[in-house]
Amino acid sequence: MDYVVLLKQVPDLAEDLEIDSAGTGLDREWMSFVASEWDEYALEEALHLRDATGGTVTCLALGVQAGDVDELLATCLARGADRVVRVGSFEQSPDSHSAAGAFAAALDGIPHDLILTGVQAIDDLDGQVGPLLATRRDLPHVSVVTHIAVAADGKTATAHQEYAGGVVGEFELDLPAVLGVQTSREAPRYAPVSRVRQLMKTATIEKADGGGGGSGSGLTIEAMAVPESGATAEMITGNPVAIADRIAAILAERGIGAGAPR
Amino acid sequence: MSADVMVLVEHRDGAILDTTFELLGKAKSLAAESKGEAVAVLLGSGVAGLAGSLGAAARVIVIDDPAFEAFSPSAYQAALVPVVRDREPTLVLVANSGAGMDVAAGLSAALELPLAAYATEVTMDGGSPRVTCQLYAGKIQATVRFERGRGIATVVAGSFPAEAGAGAGSPMVEAVAATASDGRVRFKRLHRPEAGDVDITRESVLVSVGRGIGDQDNLELIEALAKALGGAVSSSRPIADAGWLPRTRQVGKSGLKVKPKVYLALGISGAPEHLEGMRGAELIIAVNSDARAPIFSVAHYGAVADLLDVVPALTARLGG
Amino acid sequence: MGRDLPVIKVDTVTELEHAVVEGVDISGHWNRMFSDRSTTDFPTEAMDWVTGLAGGESMRDCYQCGKCVPVCPVQHVGDYGPRKLNAKILRGNNLIDDPDLWLCTTCGNCYRVCPKEVNPLKIMPAIREQAVLEGKVPDELSDAFRNLQKSGNPMGESPRKRIDWIAEAGVDVPIISQLDRAVDVLWYVSDYTSYHPRGKDAARAMARVMTALGVDFAILGPEERSDGDSARLAGESGLFELLAEQNIKAFEKYEFKRLVVMDPHAYNAFKNHYPRLGWQGEVLHYTQFLAPLVDRLTFRSSVDLDVTYHDPCYLGRNNGEYDAPRKLLQAIPGIRLAEMPHTKANGYCCGGGGGGMWLDGFVAEHVSERLSERRVREAVATVGMDGSGVLSVACPYEPSRFEDAVKSTGNDGKLAVRDIIELIDQAMQPPAT
């Protein structure tokens, strides 16, 4: 079984994000990057699956100059990936359509039975990479996946898709296929720093061409802004009943509770 | 190209989901501006009867086929591609649900139609949509246009009121034949959560209690409120320490990290170790008897009050 | 680390290889250690493995005397005990999958009394490192590791926000990169002092006190990284080295005479472990820096409180500094200093050391009570609970731990927790009206 995991880095939200002078992008001066949380779940799942079925895990990460992609890939190896590939070369994180295009091109040269990636990322303004990639490569896919199992014959996989309220849909997919992973069976394993640093020096990081890119997202960003949010809570005053009424109304606005509009 | 606004209908167990009504209400007002129609697309098996509850739409396209007995990303996508391609709506609205994400991004790639994700607001400007999207876990808002004036938006639940789209009516119903899908994704069954085991990281409403609850017996009040809200009870550490709730309900640094839609913090002071576990919640409402409790610095709404007064009143108000 | 601590030594006994007593050859019989012990029935792999690790060697020397039993704080609250570790390992358990591996706070109290110099401060990090390499790290702890790696502090906060506390200090706090000149004191503020709300109170107090004394000081600001000592003791030596490299790079960029630190763990790291990584210099805990200057402190109000002092393990027992904090406390007008039964070399660990700070939930599953809670009870017993009692501390881990414990032991409002620097700062302000 050849498992492929698609990863990218996203801005670390521990840093307050600021808007650039043009008002349509993020100010990069203080930005630091971390692996997208859901991509880490995808890797963790892939490692478990490989350990169960045998085979290999190959990690593909977008070659973005702003972050530290080689460290991300060394971390993948430290966690147990068999092979890592840096895909394409981008000055800044590309949009999801371009990312899917680059991954799709790179997959030409990489064996893949099951492709796992994060169900979403905090910056995918133009949609999620998983279904975009699946459609480009004409592969079946399911996203928001919370459980994966591969059949003994290696021809199909079972995936659970999560809906609101804990309801789960079970699907069977013909392989090869793409899954957008929502969570992994265990928390992503810890990669000891000494091992990552060792691998940074010794490991082979392959490179793959990201193709000619795509047509881009087809979106024009008119403006970006940090939403207004009061530093402190909006205080509700009055007697307990008045407070309860107001809270019920706030919840109802969000469609929660019996007071919700029908 | 038409000026229509199309909505993908989601339904489960024979009922239209609320998120669809939210989208329909919006589609109706947008279509009025763009001088087109609000068009609902309903896929399913034996669902024609549901069309009547989509009164906010001017037209309902029904694709009724045993193949759509249950949701399947590839089957939905295969059926939707020709519909969207042929009718060329200005805007397709899809809920940002698991199913919605699958279909919207698939459509975008198949039809080379741009997609704006995590939308919280859509307006029409000169006949073409402008979409406000929430990025970076809500820390940034981006306003985008579609380069060629048409596109798809996946909309975050709760962005628009559902009432505007929930009216019954008699929209024009148009039956369309299904396009066969290759069946490489097959729906098997639906699993429903077992009663009893609560995973607070997956709950969308958490009623969380802290030491302010005073006495274990008062937990009943909290359970009743959680029930009325369709949520679960979680807690700060002292409550788990006391054994009043299992450790699996503890939120925070040494407990679980949660990101529910609503987090009610009742009698929780808001120690940094607690905040670490819940500050990502979409809406935080705090009730605390101490006006200076740090929880109010992360809460969106706060009330200085005795939780033992507010909780029963709220439960009663919710009809619990 | 040096061992000029009080040590209870057994008498040296010389064994004769051959001994004939009254015509009977008793060679090898008179010392019953020569006969088979029950434990030799067990495989020796685990012991060989542990003692084969760099740092694990002394584990073999334990001879089960039990001297450590009454002094280990964790043994007081659970099944764990330093002596039991040896017994477990002898029986083939290498601790990798045993919760005991994470319970020791590396407080060093057992080592103080151990006749065989069995040293958990070396053994624990050595075995834990192997567990870390195998990926067997409790989730809470790996979260802290990840944060340290990503942002240089265990909370995962932005390095830029390391200086946020300055705004409310009321005095100028220079950042060394902006000074462009040498300073006398490079003040290493440390993690909890920079980011934790209660830690920040101590940082502000320290800034005011140093300013009042006219100290020529500056801080690293956003360039400062965690000292890494607790990560090292928790088994993440690679992370420790990464953080140390980052700090050393910053130290080497600037010219300063001495390093003054708020956190005893940082003190321990800089003094005892950074030298082997290439940085050497004068390091002082803030109490050591201020104690000689005590006559120059101008106190303007009296602090009418009953105060007891908690010796941090990594300032007191493990680095031998007991006097400086007490000298400062005694200088503050109005303070009545009382000692707790566990004090100085026998000080009682708060539970936060050796990674304990990031294992709170894990540890709670295996102990009957938190160490911080026991310590708070001891403090209450010493200074009373009429509201004028203070548990004073000199480590930034403590305010959060002890204030939490004050509440959980039902002593809210009865005992205050204050860093010594906060008490000094208070006494230097004009009396509250």
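All chains are identified by letter, namely A, B and C, in their written order; residue positions are counted from 1 within each chain.
What we mean here is this: contacts are C-beta pairs under 8 Å (C-beta built on N, C-alpha and C of every residue); 3 or more make two chains touch, one makes a residue touch a chain.
Note that the structure is a prediction, hence the values are computed from the model and not measured.
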Quiz prompt | Graph class of chain-chain contacts, one of line, ring, star, complete, other | solution = complete
Quiz item: Going by CA means, which chain is nearest the middle of everything shown?
Solution: A
Self-check item: Pair with more cross-chain C-beta pairs in contact, given A-C and A-B
Solution: A-B
Quiz item: Most remote chain relative to subunit C, going by C-alpha centroids?
Solution: B
Exercise. Report, in whole Å, the distance between the mean C-alpha point of subunit B and the mean C-alpha point of subunit C.
Key: 48
Quiz item: Taking each chain's centre as the mean of its CA atoms, how far is subunit A from subunit C in angstrom?
Solution: 39
Quiz prompt | Whole-Å separation of chain centres (CA-atom averages), subunit A against subunit B | solution = 20
Exercise. Could you list the positions in subunit C whose residues touch two or more of the other chains?
Key: none
Quiz item: Which subunit A residues reach two or more other chains?
Solution: 16
Self-check item: Residue ranges of subunit A in contact with subunit C within the complex
Solution: 12, 14-16, 30, 32, 34, 79, 187, 189-190, 192-197
Practice problem: Within their complex, state which residues of subunit C touch subunit A. | Solution: 132-133, 135, 137, 139, 142, 145-146, 149-151, 156-158, 160, 236-239, 241-242
Exercise. Using the touch rule from the top, collect the residues of subunit A that touch subunit B in their complex.
Key: 10-11, 13, 16-17, 19, 26, 96-97, 100, 119-120, 122-128, 130-132, 134-136, 140-144, 158, 160-174, 177, 180, 215, 217-227, 229, 231-237, 240-241, 243-248, 250-251, 253-262
Self-check item: Touching residues (chain side subunit B, partner subunit C) in the complex
Solution: 211, 237-238, 241, 247, 250, 253-255, 271-273, 276, 294
Quiz item: Considering the complex alone, what residue numbers of subunit C touch subunit B?
Solution: 140, 143, 155, 196-197, 360-362, 364-365, 400, 404, 407-408
